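Lettered A, B, C and D in written order, each chain numbered from 1.
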Amino acid sequence: MQIGMVGLGKMGYQLSLNLMEKGYQVCAFDVNKEAVQNISNEGAQGAVTLKELVAKLDRPRKIWLMVPAGDITEQVFQELLPLLDEKDIVIDGGNAHYKDSLRRYDESKEKGVYFLDCGTSGGVEGARHGACTMIGGDKEAFDQVENVFKDISVEKGYLYTGKAGSGHFLKMVHNGIEYGMMAAIAEGFEILEKSPFDYEYEKVSTVWNNGSVIRSWLMELMENAFSKDAKLDKIKGVMHSSGEGKWTVEAALDFQTAAPVIALSLMMRYRSLEDDTFTGKVVAALRNEFGGHAVVEK
Amino acid sequence: MQIGMVGLGKMGYQLSLNLMEKGYQVCAFDVNKEAVQNISNEGAQGAVTLKELVAKLDRPRKIWLMVPAGDITEQVFQELLPLLDEKDIVIDGGNAHYKDSLRRYDESKEKGVYFLDCGTSGGVEGARHGACTMIGGDKEAFDQVENVFKDISVEKGYLYTGKAGSGHFLKMVHNGIEYGMMAAIAEGFEILEKSPFDYEYEKVSTVWNNGSVIRSWLMELMENAFSKDAKLDKIKGVMHSSGEGKWTVEAALDFQTAAPVIALSLMMRYRSLEDDTFTGKVVAALRNEFGGHAVVEK
Amino acid sequence: MQIGMVGLGKMGYQLSLNLMEKGYQVCAFDVNKEAVQNISNEGAQGAVTLKELVAKLDRPRKIWLMVPAGDITEQVFQELLPLLDEKDIVIDGGNAHYKDSLRRYDESKEKGVYFLDCGTSGGVEGARHGACTMIGGDKEAFDQVENVFKDISVEKGYLYTGKAGSGHFLKMVHNGIEYGMMAAIAEGFEILEKSPFDYEYEKVSTVWNNGSVIRSWLMELMENAFSKDAKLDKIKGVMHSSGEGKWTVEAALDFQTAAPVIALSLMMRYRSLEDDTFTGKVVAALRNEFGGHAVVEK
Amino acid sequence: MQIGMVGLGKMGYQLSLNLMEKGYQVCAFDVNKEAVQNISNEGAQGAVTLKELVAKLDRPRKIWLMVPAGDITEQVFQELLPLLDEKDIVIDGGNAHYKDSLRRYDESKEKGVYFLDCGTSGGVEGARHGACTMIGGDKEAFDQVENVFKDISVEKGYLYTGKAGSGHFLKMVHNGIEYGMMAAIAEGFEILEKSPFDYEYEKVSTVWNNGSVIRSWLMELMENAFSKDAKLDKIKGVMHSSGEGKWTVEAALDFQTAAPVIALSLMMRYRSLEDDTFTGKVVAALRNEFGGHAVVEK
């Protein structure tokens, strides 16, 4: 089967290799021509425009979008849709907001094009050797490409999640949980770090991965991380985020749901982006006003 | 009436002035001899030892402790108690932990000495011109010194709160609420600061103090603070804390009570004491491990 | 000066009385004819349609919208705008989302109509006897109606906040702070309630209002509330919310701001709407799975 | 090697079976005589008093305490210690507070008895078929019984953590992380439950366990739980807790550490124990006071 791949960044490139390994013919497009050349060297067909990509694919086409969520996904989608024909299938494997996916599903449907929203987890390694995929959209479209998901995912690692939007929504919540789990682990290590004890964190991660209640892939990653930098001395504790955590909290608010753990895991990331806060200044100023408590001057 | 004052720091000094203004004879002791001299110049009797202080007071003595909570209070109390006689009244006006006050009450009772735990709010200004006092302990002791509390407090600003410990407990919870209120105000101003609008915070504080739901003394203090430093540019957002907030959260935990607002107001203070966090490093390391997300190197 | 009042609910009705007391001629419209009749009995002109209202006002008209935020405001605004002429001034005194106000400002501007977004605090009592108002929009429009704001507000209780949207934004943040302050106070009383002490909450509120750091209008309202129901035995702890708290948290997220206190005060309101939670079921099920801990069966 | 087992509850009984399977001679005591009989039927020696247990063990004795943390552990320890001789080794495999373990270590040391604090994770299944153990105390004592830990734990599932107290401290923090991870997972499922989508949670758990970032033992347990009760309809969301989460938060506070995720995961458990809250009543009363918002009457 032919698969059109749009986007050859960290994820799309590895996924293309994964697909080819499983016997798919990949025709790949990226604005970065070097990436196109590289994947061609690996056996894929290259395309230097979306139009060329579409032209090279047999109908009904199967096109996998693997580009950053937001403006780029929107731009690519809007450029792609007019080039497609009825029954073609677009799979958005990125981290789009589920409401955007719902809208894209509707716009596609009007043209008779199928749109599947596919949440993809497992990181770069997963994209290459076995991801975890959650797919929403029309069942009849899913059925046609089920084998693709089966082949690129680890065993039992794909799920048809129901109507349009449900794949990206599930992935979004997955990421929200991920934020919370990471924060829980991180807070734990910070408490260890401030304790009167002297732990070797790599060994701690190892023992926690073997038989304990909190054994998990994230804890395995901690082993890796600590094996390279025993006390994480080389890095700063700046925690960026890429959207899904925020969307999860917003969804929680929309559903009037208390999700304090996920919300706080996100907010502490925001806090980590700042050297100083206005919040802190206000509290310090107030303490000075009523109690004469000294402020720290700049 | 004679009052023995132990401790002439920010609070004790002002309280002594307040008491003398209301007609009390103050006999004051502090390890800092300059402070004793200063208050003598204002009309108080000075004492350079606790023993001297006790000797100068008529029985039954009324002794007000106004020293920092913790070790110093304990030290002073243990030195003072053996010097006292039956029916003497010790008032601890500091921010002692209520469990310590309960213990001191018991130790005093064994000697026939009365112990009142008095939470004092209102800051330095309050100590001077009218505080807010919450007093726990034996009612018969309170009755003997009720006028003292009445006189040094603003109108309606004193309350007998019941059995031993209840005064300091109430003051502790007051401070917990204070932490939460301050944090709420501070977060609000931070959101304003990050907004696309350009507010003059002193004017904002003024309008919020006149007719709005959040009008409060704390907001009045914001007016003062912003009148001196319009954007708080001169200070750093380092938020120290002095114990009562922590005790309030610990009490909440002991009572199995969800008090997330007070707990977070405290934890964000702790966060403000750090330039970098191990929590942040762990999350950054994890993101790098699974997603190849760049870390910020030192 | 004539003022057109659209909306005669709790707030609009009281505000009309307030305006008339200050010498304004109020011409009022509401879909509820009884309310129109009532305000007419108080001396206002009544109008049974928006059209009639507009017709009765001299140009340039000053029309105050005091209707629920959201669909109703939108509906009224869309019906009203075509009826207006250049230089007319619309004041939205409700709790609209600031982004909606920005859009309405733009739509008004296209027609040459002025649009002021006015956040109004102080509750029903404030509307009647002196509110707190924060007004965004074109300065030249504000200047024409400044006296209105001055007259209906308490002294120093109005502020021109700058460009369009800034009035409603400031009111939104005010409400966010209000959520946090209320939660802080509420958590404090819950800790008192679970403590081993036996406080009289009305008296506690009184003493905290006199000289303490947390004295505030909200604490005065606690005195009122406890004076009617000493332990709040008659009511359930269901905490509804009406939007601004959620918007404040969403704004915080949009600005990548940690606002945990306001966020948690909102989420605990959501939690209070539920008898049972799926979160709780999941944790209980997990504890049962790994530790054999008993679950509570329905 | 002989091992004395004190406590034959859920954990101690399974651990005894585990030890015997690995070739140890177990001599077991419990106040519950039926449990002693049962384990005797499985091949252990039974003892009906601590004294008998001690008498039956060769010196230096190795005694494993597996009783509930708190009073019972203290009672057993205080009864046991005087019966022991120099060089005997006591292993506390329960969830004692690390400060208590430090004290017990000191008391043991005075008698020349070794005390190891061993945190045990993995639940009942782990106790039976391979636990995760973290051991603090004197290295020379650990060395003598290292094989015991090795044998009862899964591969790589035991760790000598350093000086006295460090084993129980590490286990405590492990449980704190566990609280946070469970809450993150639980909040995620609640958001799914309130979403407009219709997920099959068992399948969701399965897909999340295969290739996703959040794959973990806890998620495997979710598969089990949902396989038995697809929507957890049969249980209530009451989340009990047994101490370590609270201690973790208290430790965080002692170290001035922001650990909001762990703190909130605990506080939401407390919240789940209540049908109604005073916090909620206070907020509802306040909203009624200033805005006339209806309260929910009982």
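Rule of thumb we're sticking to: contacts are C-beta pairs under 8 Å (C-beta built on N, C-alpha and C of every residue); 3 or more make two chains touch, one makes a residue touch a chain.
For reference, the UniProt names are A, B, C, D = 6-phosphogluconate dehydrogenase.
Small disclaimer: the values here were computed from a predicted structure and weren't measured.
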Chain B to chain D, fewest steps along touching chains: 1
From chain B, the most remote chain by mean C-alpha position: A
Chain centre separation in whole Å, for chain D relative to chain A (CA means): 34
Distance from chain C to chain A - Cα centre to Cα centre, in angstrom: 38
Separation of mean Cα positions, chain D and chain C [Å, integer]: 48
Of all residues in chain B, the ones touching two or more other chains: 122-123, 183, 185, 187, 190, 194, 213, 217-218, 252, 256-260, 264, 267-268, 271, 277, 279, 290
Complex contact set, residues of chain B against chain D: 213, 246, 249-250, 252-253, 256-260, 263-264, 266-268, 270-271, 273, 277, 279, 290
Parts of chain D lying in touch with chain A, wherever the complex brings them together: 121-123, 126, 130-134, 136, 153-159, 161-163, 165-166, 169-170, 173-181, 183-185, 187-188, 190-192, 194-199, 203-204, 206-219, 248, 251-252, 255-262, 264-265, 267-268
Footprint of chain B on chain A - complex, ascending: 10, 122-125, 182-183, 185-187, 189-190, 193-194, 217-218, 221-222, 224-225, 229, 232-240, 242, 260, 264, 268-269, 271-272, 275-293, 295-298
